[in-house]
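Here chain A shows up in two complexes: once beside chain B, once beside chain C.
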Partner chain A sequence: MALVLEILFYLNGIILLTGGLIIAIISRNIIKMIIGFVLAHTGVNIILVSTGYIFNRMPPILNKFQQTNNPAAISVDPVPQALVLTSIVIGVATTSLFMFYALRYYRDNGTIDRDSMEEHND
Partner chain B sequence: MKKILILMIFSFLAVSLMLFFMQINSSKSSMQSISGDYYLTSNAKDFNIPNVVTSIVTQYRGYDTIGEITILFLSIIGVFMLIKTTGFSEISKLLQEPGTIVHTATVILFPIIMLFGAYIIINGHLSPGGGFQGGAIIGSGMLLLFLAGDKKELNRTATHIVESISVSIILLIGLLGIYYLNAFFANFLYSLGTFGSIISGGIIPIIYILIGVKVTVEFFHLSEYLLRS
Partner chain C sequence: MINPVITIILPLLLGFLSPLLYKHIKIYFKILMISVFTFNILELIIIIPTVSSLPLQIYMGNIPAPFGIMLTFGLTGTIIALMVNFIALCIVFFKLNRNKDCDNEMVFYTVFPILIAALISLANTQDIFNIFVFLEIVTISVYILAGLKKYKKTDLSVIKFITGTSIGALLMLTGIAALYALTGSLNIIHIHSILTGYAYFNTYLFNIAVFIILTGLMVEAYMFPFNIFVTDIYAHTQTINGAIYSGLVQSIVVFVMIKLIKLFIINPMFLNIMIVIGIVTIIFSQFSAFTEKNIRRMLGFSSFAQSGLLITIVALSLKSGVHNELFSLAIMMIIIHAISKFTMFLAADRFIDENGNIINKKKAGQVSFFAFIIATLTLVGIPPFPGFYIKFRIISELLRINYPWMAVIIVISAFLEIIYLLKTARKFFVKNSTDSNEPLISILAAILPLLIIFLFSVNPAYLYRSSSEMDFKEETEISIQEINETSILNEHIEENNIEE
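On to the complex of A and B.
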C-alpha cells in the first residue's frame, strides 16, 4: 500500500513535469507556453513533497508531549514542505513576470504567436 | 517529425526520473532526513511552537525567506519597468459591468475573506498557515473589489510605503538578533507566552504578520497593475 501510494505520487509529479515542458516547447502561443511552465512547476513541487512523505505518519504540527518524545518517529519530514512553501511563492512571482512580458509583447507587436515573433525580430 | 523527437526525448526523461526516484525511495525506506530529524527534535526547546514548518521557514532557514521576499520584490520591480500605467484601460474595459449578484456578494464576502486571511496569518505558528498563505488570500480577495466595479484611484504611495516599512522591520528584527544574541534572526523574545497561545514563539508571529502584510500588498499591486496597464 505504502509503495503503491509513493509510486503514484512520483508518477503524478513526473507526468506533470514532462508534460508541462513538452507543452512549453511545442506550443506556438505564449500564453500556452506559460501554462506549460506552471504545470512543470507544479510537478516539481509534487515530486519534492513526495520525497519527504513517509507512510502512516502525522503532519509536522505536534503538541508539547509529541515534540518531547521522539518526534522524528511519528512525523513526516518537514524540510521538503518548507522548501516547497518557498518554491510556490517564487512560482507566483515568476509567473506574474511571464504574464506581464506577454502583455508587453502584445502591446508592442500585436501578436503573441511564437512563429511570427521571429519575423518581428529580424 | 520534430514533435515526435521531442516526445521521445521527454518520455525517456520521464522514465529515467521515475527509476531514479524509485531508487532513492527504496534506499530511504522510512527515515527522516538528517536536517529534518534535527529540526523536529530541537524545535521544542528552541522555539516552543507546535508548527515545525513555520519554525523552519522563519528561523532555521530565515535566510531563505529573506531571499524569497527579495524575489517577490524583484518581480514587482520588473513588472513596474515593463508596463506603464495610465489609468484604467483596455483590460478593465473588457470586463463586463458587474451585475447585482456580484456587487451584493462582494459586500457580504469581502469582510469574511479579510477575517479568514487575518486568522490564517496570525495562527501561522499554531496551525497550518502563515504569512504567505494568508497574504495570498487577502490579496486575492482584494481582486473582488475590482471585479465589483470599484474603480476609484488608489493612493499608490501609501501602499508602497507600507510594503517597504514591513520589509525594513523584518530586517531590523534580524539585526536586533545580532545585538542581543550574536546571531542574525536570533529569537530574543523566546520566553514570551506559553506553548500553544497566540503570543508565543517570540519573534516568529511578528515576522509572519509582517510577511503577510508584504505579500498582501504584493498581490494587490499585481492585480491592480494588470487592470490599470
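On to the complex of A and C.
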C-alpha cells in the first residue's frame, strides 16, 4: 500500500511536469505557454513534497494530546513541505513577471502569438 | 572582526529600504550605496588572512548543519565575494551620471543591491536548496533590470530569456528533489561526506540527480545549446545589463557549477558529457562571435565560450586523476574574465547605440578606448597582462596531464578571440578625440578595474600564491570535520548508543 501510494504521488508529479513542459514548448500562444510552465512547476512541487511522505505517519505538528520523546519517529518529514512553500512563492514571482512582459508586448504590438512575434522581430 | 554575513545583510537591507528612502534623499542614498559596497570590500579584505588558514563556518539562526543553513567563507568564496562587491561599486559609479538610462531609476536602486546580496550568498552558501532560491532571486532581478529601459525588441528578448531560465529552474528543482530523496540532506558538505563515506551508495543514480541540477545551471550559465534563448537579451537591452550578466551573474553561476562538479561528479561518463558540452560551447560561441555584427551580442558569445572553457578544464582536471592546479587556475580565470568582460561592456557603452551599432565617434573618449584594449589583451592572454599568466599555466598543466588537444583548442580559441575583439576596437578608435565629453565618474568606473588588472600584472606571484592556496576540496574536508564535531545528529546517535 505504502509503495503504491508513493508511486502514485511521484507519477502524478512526473505527468504534470512532462505535460506542462510539452504544452509550454509546443504552444504558439504566450498565455498557453505560461499555463504550461505553471502546470510543470506544480508537478515539480508534488515530486518535491512526495520525497518527505512516509506511509502511516502524522503531520509534523506537535500538540498536547500526542506527547512523545521522539516526534521524528511518528511524523512525516517536514523539510520538503517548507521547501515547497518557498518554491511556490518563487513560481508566483516568475509567472507574474512573465505575464507582465507578455501584456506589455500585447499592448505595443497587438499579438501574443509566437509566430507573429518572430515576424515583428524580423 | 565583524561577522562576514553582514556583507549579505547590508545590500539586502538597502534594497528593501530603497522604495521608502530613494525619492526623499536621492543623492544621499547613492552615497549610502557606495559606502555599503566599500565597507563590504574592506570587511572581506580584512577577513582574507583569517579564512586562508581556516574557513569561517556560519550557522544561520544557530541551527547546526546539516539541519540549518550553513554559510562558509573560505578563501575561494571570499575572493569571489570581493570581486562581486568591487564590480558592484564600479557599476554604481558608472550609473551616477546616467540618470536617464532607466525609465524608473528607483527600481534599479531597489533591485541591484538585492541582486548583489544574492550573488554573494550564492558564492558562499553550502545548502543546495539555498543555491536554487538565490539563483531564482538573481534571475528575477535580471528580468526586472532587462525591462527597465524599453527598446523595440526588449520585451520579446526578455520573454525568450524567461522561457529558457524557467526550464532551467524546473530542471534544477527536480534534481534537488531527487538528491534529497537519495541522501536525506541538502547540505553540500554533508552530501559530500555521505558520498565518500559509504561504499555501497548508488553513485550512478546520485550522479543522474546531480547532472539534472547541472543541466539547470547550464541554462543559467548560458551554455550551448541553451544560449539560443539568451543571446537576444544581450543584444536588445542596455549595455550595463550585459556587464551585469557577463561580469557577475554568469561568473558566479559557473563558479557554483564547478564547485558541484568538483564535489559530486564521480562517474567518468558524466565527466565526459561535461567535456563534450564544454568543447561544443567553446567552438559554437567563438565562431558565432566571429561572424556577429551586433557588438553586445558578440561580447556575450565571447563570455559563453569562457564558460565552456572553464567547465572543460575542471572536468579534465578531475578525469585525469592526477593532482593538478587546474581548479585553482579556473577560479582565477573566472575573476580575470569577470573584471575584463565587465570593463569591455562599460567601455563599449560609449561607442554603441541601442542596436549594438557604432554611433557618432565624436562623442566617444580615449579613456574608454584604452580600457577596452587593455581588457581585450587581458582576456585573450597577451603578456604582460595577467590573462597570459593564467592561460600559460593552464596550457602547461594540460600538457603535463596529457591533454595536448585541449591546449590546441585554447590557443585557437584565443587566436579567434583576439581577431574579432581587436577588429571591434579598431572601429572604436577616434583620431584627435578629447575626453571632454567623458564624465569624470565614468572614467573612474573604467579605471578602477584597470587598476586591479595592473596590480596582477605587476605582481603575478601574488596571483600564483592565491591560486595555489585556493582549493575548495580542502576547505570542504575541514568543514566536514567541523560538522561532525558540532552536529546534533551525532549527539542523538551517541545518546541512542548509550541507551542501548
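Convention: the second predicted complex is superposed on the first by the 117 of 122 C-alpha atoms of A that agree within 3 Å, B and C clash if a C-alpha of one lies under 4 Å from a C-alpha of the other, contacts with A are read in each partner's own complex, and residues count from 1 in each chain.
Everything below uses one rule, namely that contacts are C-beta pairs under 8 Å (C-beta built on N, C-alpha and C of every residue); 3 or more make two chains touch, one makes a residue touch a chain.
In this text the structure is predicted, and so the values were computed from the model without any measurement.
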item	value
Which superposed partner A:102 touches (first chain B, second chain C, both, neither)	second
Chain B versus chain C as contact partner of A:54, first or second or both or neither	first
Touched partner set for A:94, first chain B, second chain C, both or neither	both
Which superposed partner A:11 touches (first chain B, second chain C, both, neither)	first
Which of chain B and chain C A:21 touches, first, second, both or neither	both
Partner chain in contact with A:71 - chain B first, chain C second, else both or neither	first
Chain A: partner with more touched residues, chain B or chain C	B
Chain B versus chain C as contact partner of A:81, first or second or both or neither	first
Touched partner set for A:37, first chain B, second chain C, both or neither	second
Overlapping contact positions on chain A, where the chain C interface meets the chain B interface	17, 21, 47, 51, 79, 83, 86, 90, 93-94, 97, 100-101, 104
Residue ranges of chain A touching chain C (in the complex, touch as defined)	17, 21, 24, 30, 33, 37, 40-41, 44, 47-48, 51, 79-80, 83, 86-87, 90, 93-94, 97-98, 100-102, 104-105, 108, 117, 120-121
Of all residues in chain C, those that touch chain A in their complex	129, 133, 136, 139-140, 143-144, 147, 150, 153, 155-156, 158-159, 162-163, 166-167, 169-170, 173-174, 176-177, 180-181, 186
Complex interface listing, chain A residues touching chain B	6-7, 10-11, 14-15, 17-18, 21-22, 25-26, 47, 50-52, 54-55, 59-64, 67-68, 70-72, 75, 77-79, 81-83, 85-86, 88-90, 92-94, 96-97, 99-101, 103-104
Of all residues in chain B, those that touch chain A in their complex	3, 6-7, 10-11, 13-14, 17-18, 21-22, 24-25, 30-33, 35-37, 39-41, 43-44, 50-53, 56-57, 61, 64-65, 68, 71-72, 74-76, 78-79, 82-83, 127-128, 130, 132, 136, 195-196, 215, 222, 225-226, 229
